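Order of writing sets the labels: A, B, C, D and E. Residues in every chain begin at 1.
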Amino acid sequence: MSEHILSIIWLTPLIGMFVVMCLPKENKSLIRYVANGFAILGVIVTLPLIRGFDTAVADFQFVERIDWIPTIGAQYYLGVDGFGYIMILLTVIIGWLSIWCGWESIQEKVKEYYAFFLFLQAGMLGVFMVLDVFLFYVFWEIMLVPMYFIIGIWGGPRRLYAAIKFFLYTLTGSVLMLLSLLTVYFKHIEQFGNASFALEDMMRVAAYAAPDLQFWLFWGFFIALAVKVPMFPFHTWLPDAHTEAPTAGSVILAGILLKMGLYGLVRFAMPLFPQGASDGVTVNLVAFLSIVGIIYGALVSLMQKDWKKLVAYSSVSHLGFCTLGLIALNPNGIAGGILQGVNHGLSTSLLFLAVGVVYDRRHTRAIADYGGLANRMPVYTVLFAISMFASAGMPGLNGFIGEFTILRGALEVNTWWAVFAALGIILGAAYLLWLFQRVMLGPITNPKNEDMKDMNLREILIMAPLIAGCFWIGLYPKPCFEILEAPTAKLVERLDPGYFSRNGLENPLDKYEQSKTAALVRE
Amino acid sequence: MDAILFSAADFHVLKPAILLCLFGCGILITDAFLIRNRAERWKNAIPALAAQVAVAASLVQHLGDVRSGGAFSGLNGSMQVDGFAVFFNWIFVIAASLAIVISARYMDAEGEHRGEFYGLILFAQAGMSVMASGYDLVVLFIGLETMALSFYVMVGFLRDTRRSNEAALKYLILGAFSSGLLVYGFSILYGISGSTNLSEIAKATAARPESDLALFLALITCSVGLLFKISAAPFHMWAPDVYEGAPTPVTAYVSVASKAASFALMLRIFLTAFESSAEAWTPLLGAIAIVTMTIGNFAAVTQTNMKRMLAYSSVAHAGYILLGLVAGNETGLRGVAVYILAYVFMNYGAFTLVAALRREGEAAEDIDDFNGLYHRAPGYTILLAIFMLSLAGIPPLAGFYGKYFIFLAILREGYYVVAILAAIYVAVSAFYYFRVIRACWLLKEGEQPAHLDMNFGTRAALATCAFLTLLIGIYPQPFIDFAGEAVLPALR
Amino acid sequence: MFFLDSIWLIPMFPLLGAAVMLLFGRRLEPQQVQGPPEDDHSHHDGRHGQPAGRTLINILCPGMVLVSFVFALGAVFQLQDVEGHSYEVVKWTWLAGLDSATGMGLSAFTADWGFLLDSLSSVMILVVTGIGFLIHVYSIGYMAHDGGYYRFFGFLNLFLFFMLLLVLANNYVLLFVGWEGVGFCSWGLIGFYFRKQSAQNAATKAFLVNRIGDAAFVLGMLLTFTTLGTLTFTEIGPALNEGGFQIEESWGSWGPLSLLTLFFFIGACGKSAQIPLHVWLPDAMEGPTPVSALIHAATMVTAGVYLVARSSDIYVLAPKTMLIVAAVGGMTALLAAFIGLVQYDIKKVLAYSTISQLGYMFLACGVGAFWVGIFHLYTHAFFKALLFLGSGSVIHAVGGEQDMRKMGALKDKIPITYKTMLIGAVAISGVPGLAGFFSKDEILWKTFSAHRVDLYVLGLFTAMMTAFYMFRLIFMTFHGDNRVDPRTHVHESPRSMTVPLMILAAGSILAGYVGTPVVFGPVHNMLPSLEHWLSSALVVEDSGEHHAAALEWGLIFLSVVLALFAIWFAMKKFKTDKYEGEPMHGIIGKQCHQLFLRKYFVDEIYDIFIVKIAAKRSGLRLALFDRQVIDGAVNGVGLLTRITSLFSIFGDKWVVDGLVNIIGYGVKFVSYPIRMFQTGIVQNYVLLFVIGLGVVAGYYLFE
Amino acid sequence: MSIDSILFYLFAVIILGSAIMTITRRNVVHSAIWLIGALVGVAGLYLLQGAEFLAGVQIIVYVGGITVLFLFVIMLVPVREEALTHRFSNQKWIAVFCSVVVFVILLAFVVHGVGSLDFPAGDEPIELGSLTKNSEEVGYVLFSEYLLPFELASILLLVAIIGAVVMSKTRNSETEG
Amino acid sequence: MEVATSHYLILSTLLLFIGTVGVLTRRNIIVILMSIELILNAVNINLIAFSSALQQIHGQVFSIFVITDAAAEAAVGLGILIALFRNKETIRVDEIDLLRW
């Protein structure tokens, strides 16, 4: 059971998909119940993982390893460490909520909708647990398809354009990624003779690959990941996709899909090509782009007239923080980057859910159509305010923790990074508060809003766990850091050997080794 | 040379071809005498399929022998049965049976349902099987011509449709011209080596000095002829017109089988006769492959006719496969085999659905005719989506592995620029494949929506294609092995 | 040590109150949300109807504050016995961040939910809880007619929670939580009448301007951590010694300490409304008057001073920053006072006076007399709260009117308010014997003795003007002719409002006696000395060489004379039977008057440069840029894009459809010519075939 | 200047000349006639090379079969007037130019390339007049080494027959609809 | 003097050239088919020349097959031509442009 827990986790939604596909399409409510049932089941089956996951173990856990295509050395090779673990938790929760939140808003093609969603869920979970680069690519590509359909079928007016744009951007990126991972692959064969896509084998190549080659290979990966993140010049698909996708789609997109870029960086791109990642050009360029993204995204969202577009651009800004943290290449930066990814997942999902609430009522996303909602929807106002401040980095809520840790990592490398990034904090408050003022405050300007119903129980319940998460991370982030510490330390040691000893720090990994041995002794 | 008559061994070697010819003639006779009226015409498919079964059986024997005792040849070495031949024969069997299965309904709808059609399918296959296993210029030439002629006729089989005639005529003129050049090259090869046997020729050419003009002359004319057959740019011009004009099952058959056979021929000749001058033709073929991919992909983007779009896309695929030969290493050749194998199923699947749209009195071949197809036939639309994604090379579907090996091969040879170009073109191709998916799923249906007309055969064909596309995608191991063991020892 | 161990409870009581209010308050509230803004204070009869639920609120919220006040008192008493006057309670580790390289080499970053009670924070919590409680009580009466009662008290309690968190935090990060939290509450309370456009704007403005400071604060924290390897107050001092940091004198290079202190000071400027970040405070008067009293006079705005005092032992190592602090403080004091001269809105006058007084506090810190800054903070809390509440009572009386030109001759109608406010005015003007006198004179004296005569003169002048505009306020409001709208029925405020006034009045008389000047000799020795008390937490330098007592006496005399003169002058100008024209014109001239009235046009300048150009313009530009150039570049038809995007019709077609253009126009652009070859005429195909043959042949021939 | 070289050049001139006439005649029938000329010339070359059997085949199959087929078809399809006037396509000049270039290149290959071929320094070619010998050899090789292609050729021709029949049969001439 | 094999080859190449030009330039499909015959004959000339030069018979046999093929192609081609003519009343190659682009 528990040694196959990972397979179970990602197969559950897949099975759910097939079940849903077998249901009669007329019986919508049945489909809804079944789909949501599987979504909840997906959360339940992760419980053994949560119980069994040991933060004191630095290397991969729950490893499953079966030969898949021996000829090319591809394996069915799963396993999680801190990075994957935290992402998987995020995925099951947000996946479940986003499936739930389509309950009323999705009325036509219900069956297909849920089928695609469960499919997407399976794909994303797969990405976060594979340790075989080939399999990773497979999962990575799989998710594009359901996402294409979700945007394209249930999206807004310009959905066709948004869908294909999303697909082509990401596909272009990922084929380049394919090329560079193939290069590593055969370099490995040249070096060691045996064909293998297993992550640790691939990582051994770095020792033999010339720095400049590593540089290019890293960028091969990086462009694919940067498109997914999305990083500044590659971000233009995001606003369209976000805006046109249905609420649940946006939630999944912001909550999880964007995290794959970050995850891919820390799990694959950086460890595979340490010299490529720590190359001066790479670091400065990426940092520059991140900072530009931070300020740029904020300024653009300041000017948006479309509520969802605003949130979408704010994602660009937030993820600029994340990439900045990652490229700082030190524990705080990396842990902060991932944590901020999680935070962004929570708070931006909240914001999108909030948009969805009023969108379901009024079917417009134009900020100008609202105003004075606080008069009619006090509960909604409160929840939205909390989400807003979480996203704006109010201390005591999650956003602050992430940004602060990232800034610490950035400052360690270069003061100016931190200074410029700090501008993002100011602007972040600016566009959100302005949005809040325009939408919530003032008298009701638009008669159509007079009889807006406040949030119903389902909507509140959907947002509740996320808000709880925001507070939890904001008030007691220690567990997250504990989860992230070991893999981060591993990564840093790989990127910058001797980092800890050089700074007179004891390498946490040793600590873990000791604790592990101690644990063994106890038993 | 005492064996005037066939020996038993020769029969064994020839068994597929012989079977096909026999069944072909048989069909002609039964059609003439037993089949009474149009309604019974589909019965012709039965012996045709029986032929496939028989051939398959003999191929199993061949494979067994090859595995046990290695390659063996017959008829004074003019035929050679090795993994290579067996593999491609399998491809032909699959292609032919699928063609037979989907033809019945289609030709009925066209009102041109005749027994000769099945005969021609078999004869073409006979020619192709000879091409795959032939080891002698004359044999190869005759095989090639048998195939080509049968295709000319099949393409023009709808005598009362001008498109069909036109396609046939164009195909014939260009084909004849190209085979003229090809055989001119053969004659030069003969002149160089004094023999028509490939192994002899290989010896002779290997003995030639560097950059020997005579050899180049042969190389030029042969490669041009062969490139025409695989529809590589700039010799691809026939493909779109023929694909569009031909009856859809034939289009599928041509696009898969004749392409596969031509590749078999090309590999045979280039890796035996011209192996010595590999460094001379590698860059050229590389350039041609790039041009082919470029033209194929870009031209396909703006097509409105489904068959024509697929035609251009098949041109692009030819470019990818060619890259495998360019790389020349074992990964590349394996890639060629895997690519062709995957290509059979996904391409057939797509064409089958196009064929299913053809109903008596209405020809629905435009991409617009697929608009909103999802509402009318969700299941089949899902299949179509699978085929399109596979053609676009999205993992884990069959199409991906072909590209995988090709990319790997060219990266190995260090052709990074080519690799990046090829990769970018994958994205471009995704665009036009997704136009179809978009039409099916995302667009509203038009005024008089086209309907799918299925019969048992079509369904069976679709099921097979979809199943194998998925199977190869999810568990490619056995297929990769098969392709590998088939192609590699035979060629190196 | 019950109270000391439970200091962490002190903030929790208000939090509890806030939670109850914000979660269930709406049930207690009869009317849905508050009524329309215009009926803030108008049309009320003398009776104050108390809906059932409100009684509970009235008991709960002030009660919570009272409890924490009691706890605070207890804690402070117990603190006296603790040696070192410092007690720390750590609940749990909050940010167990990862190790990182710092100037001190190793450092495992940690920030706890830890609470530190030392002499400094003891003063603060007493002020906060004490005055907070009074203002709560006051609000019961003041807010009686407003809807959103629960919201008001909820936020007020929440504010106290954050404020107490701020002053009790044992590290900068937790302090920052409080710091942001009070900002958030002030945002919520300024925008309390959220239907008023002006209120919304004021709230947003306040938060954003603060945000600038906060960003600087964050950077300051990070720099501190990277320099000293810790953010816990109690570890800062040791780290400084251990790091062996020298005083960073030279103006050429800015050492880390100067930099981080500067960052902190920018943060403080934001919170304490120092130039150039002072613009939000006057607008913040949009909030209900108790809010202005509590947040924007007594407590929150002084957080900046608290921060500087907190970091005093870093500051003393950064004289450059100190000078900047002093200068900014002095300038703010002066300029704000000028503006205060000419305001008509009674609350605006007080607001600018607050800014000016805050300037005083920074001036004190800047010249190294941190304890004096805190001292003034503490006295100021009393009389400024008093003045605000008094003005609130006035406004309450005259039915929401805030313009002093529409008041006058109220002293008999609302006697209690009048008397208490008068006391406040006297106190702030620095008339001997009252709180303001001691603290202000201490500041001036310290400035003088720190050899900053320029700043001293500045401060002295400001003191004079303070007295002047304060009495201008008094006279315009309470004396002269009655300019009140006759329809309004002027009446004294209820008990719940007057009692706090009286208590505060008493406070502003007595509060000063904990900081009597040394020259008072016996009196000084007899009374408790705040300086001595604070010396355990702050850097309290004995100002080098002792000046002659005579000199100090002289200075005190000088300032007193000036204050009295100012008061007399104000009386002469404004205690007229008939208020007409603008007396100020006669004094400072029309132009200056305009200049001050328009606050040196700072708001306008910001509006133009920051809001309009920087934010909106660039935002728009970038939004366009995003649509046009990025995608355009993707199209590979960037130029074409920029041209076509001029015509908005084609704009969409070419510009917005970003990537589709790379396919749709880039690829199609290539696609059509390729298709052109496919003429359908077989001979052309053959020709191309032949050409291909030629190319191949040529390749081999010339290869 | 030996006899057969004279004959060679004679035949060459015949072949090329009539080939050119074939592709330039306005009237298709004339083209067919000239084609016959060319084919006969080729047959002459065969004889010159001692391939008497082949020469025979050439005459019989080509002249007797294929050309007749051509003429037959020509009779079937009426020649329209403007088909006579515009006999060359629009691309004629560019076409000619290109093919000239291409074939100049090819000729370069031929001239320089084939010279390098080393043929067994032959005794003089098979003398004329031994018809039997030649046909015997051809027959022997045909039925031993090239037995398979020979058989296949029958299939090829069968396909051709089917094709011709299928194509040229009219629908109403079918047995049933 | 002896006629070198290269002469034959040059001749055949020229014939090939003429055939190609015919295919390229003539409007009449029948003539185009004739030109293809010319091309095949060029091949035959090659084969014969080689076979005599090599003192072998194989070339001749090869050319027999080429002739066969030529016959077959001509037959099919003309068949298709007839079918086409029946539908379209033309044998002009440049009027056959239904399938394009």
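Throughout what follows, contacts are C-beta pairs under 8 Å (C-beta built on N, C-alpha and C of every residue); 3 or more make two chains touch, one makes a residue touch a chain.
Model, not experiment: these values are computed from the prediction.
Following the contact convention of this document, C, E is the list of chains adjacent to both chain B and chain D. Think of each touching pair as a link: the shortest run of links from chain A to chain C has 1 of them. Using CA-based centroids throughout, the chain positioned farthest away from chain D is C.
In terms of Cα centroid distance from the overall Cα mean, chain A ranks first. Simply put, of C-D and B-C, more C-beta pairs touch at B-C.
Distance between chain B and chain E, defined via averaged C-alpha coordinates, is recorded as 26 Å. Per-chain Cα centroids separate chain A from chain E by 66 Å.
Separating the CA-averaged centres of chain D and chain E is a span of 6 Å.
With centres set at the average Cα position, the gap from chain A to chain D is 72 Å. In chain A, the residues that reach two or more other chains under the touch definition are 164, 168. Annotation for chain D: residues touching 2 or more other chains are 89, 91, 95, 98-99, 102, 106, 108-110, 114, 117, 145-146, 149, 153, 156, 159-160, 163, 165-167.
Within chain E, residues 5, 16, 19-20, 23-25, 33, 49, 53-54, 58, 61, 65, 69, 72-73, 76, 80-81, 83, 86, 93-94, 96, 98-100 each touch two or more of the remaining chains. Chain pairs that touch, as defined above: A-B, A-C, B-C, B-D, B-E, C-D, C-E, D-E.
For chain A in complex with chain B, the touching residues are 68-72, 137-138, 141-142, 144-145, 148-149, 152-153, 159-160, 163-164, 167-168, 171-172, 175-176, 178-179, 182-183, 185-186. Within the complex formed with chain B, the chain E residues making contact are 5, 16, 19-20, 23, 29, 32-33, 36, 39-40, 42-43, 46-47, 49-50, 53-54, 56, 58-59, 61-62, 65-66, 69, 72-73, 76-77, 80-81, 83-84, 86-88, 93, 96, 98-100. Interface of chain D with chain E (complex): residues 1-2, 4-5, 8, 12, 15-16, 19-20, 22-23, 28, 31-32, 35, 38-39, 42, 45-46, 49-51, 53-54, 57-58, 61-62, 65-66, 69-70, 73-74, 76-77, 80, 83, 86-92, 95-96, 98-100, 102-103, 106-107, 110-111, 114-115, 117, 119-120, 122-123, 125-126, 134, 137-138, 141-142, 145-146, 149, 153, 156-157, 159-161, 163-168, 170.
Of all residues in chain C, those touching chain B in their complex are 663, 667-668, 670-672, 674-675, 677-678, 680, 682, 684-686, 688-689, 691-693, 695-697, 699-701, 703. Interface residues of chain C facing chain E in the complex, by the touch rule stated above, are 675-676, 678-683, 686-687, 690.
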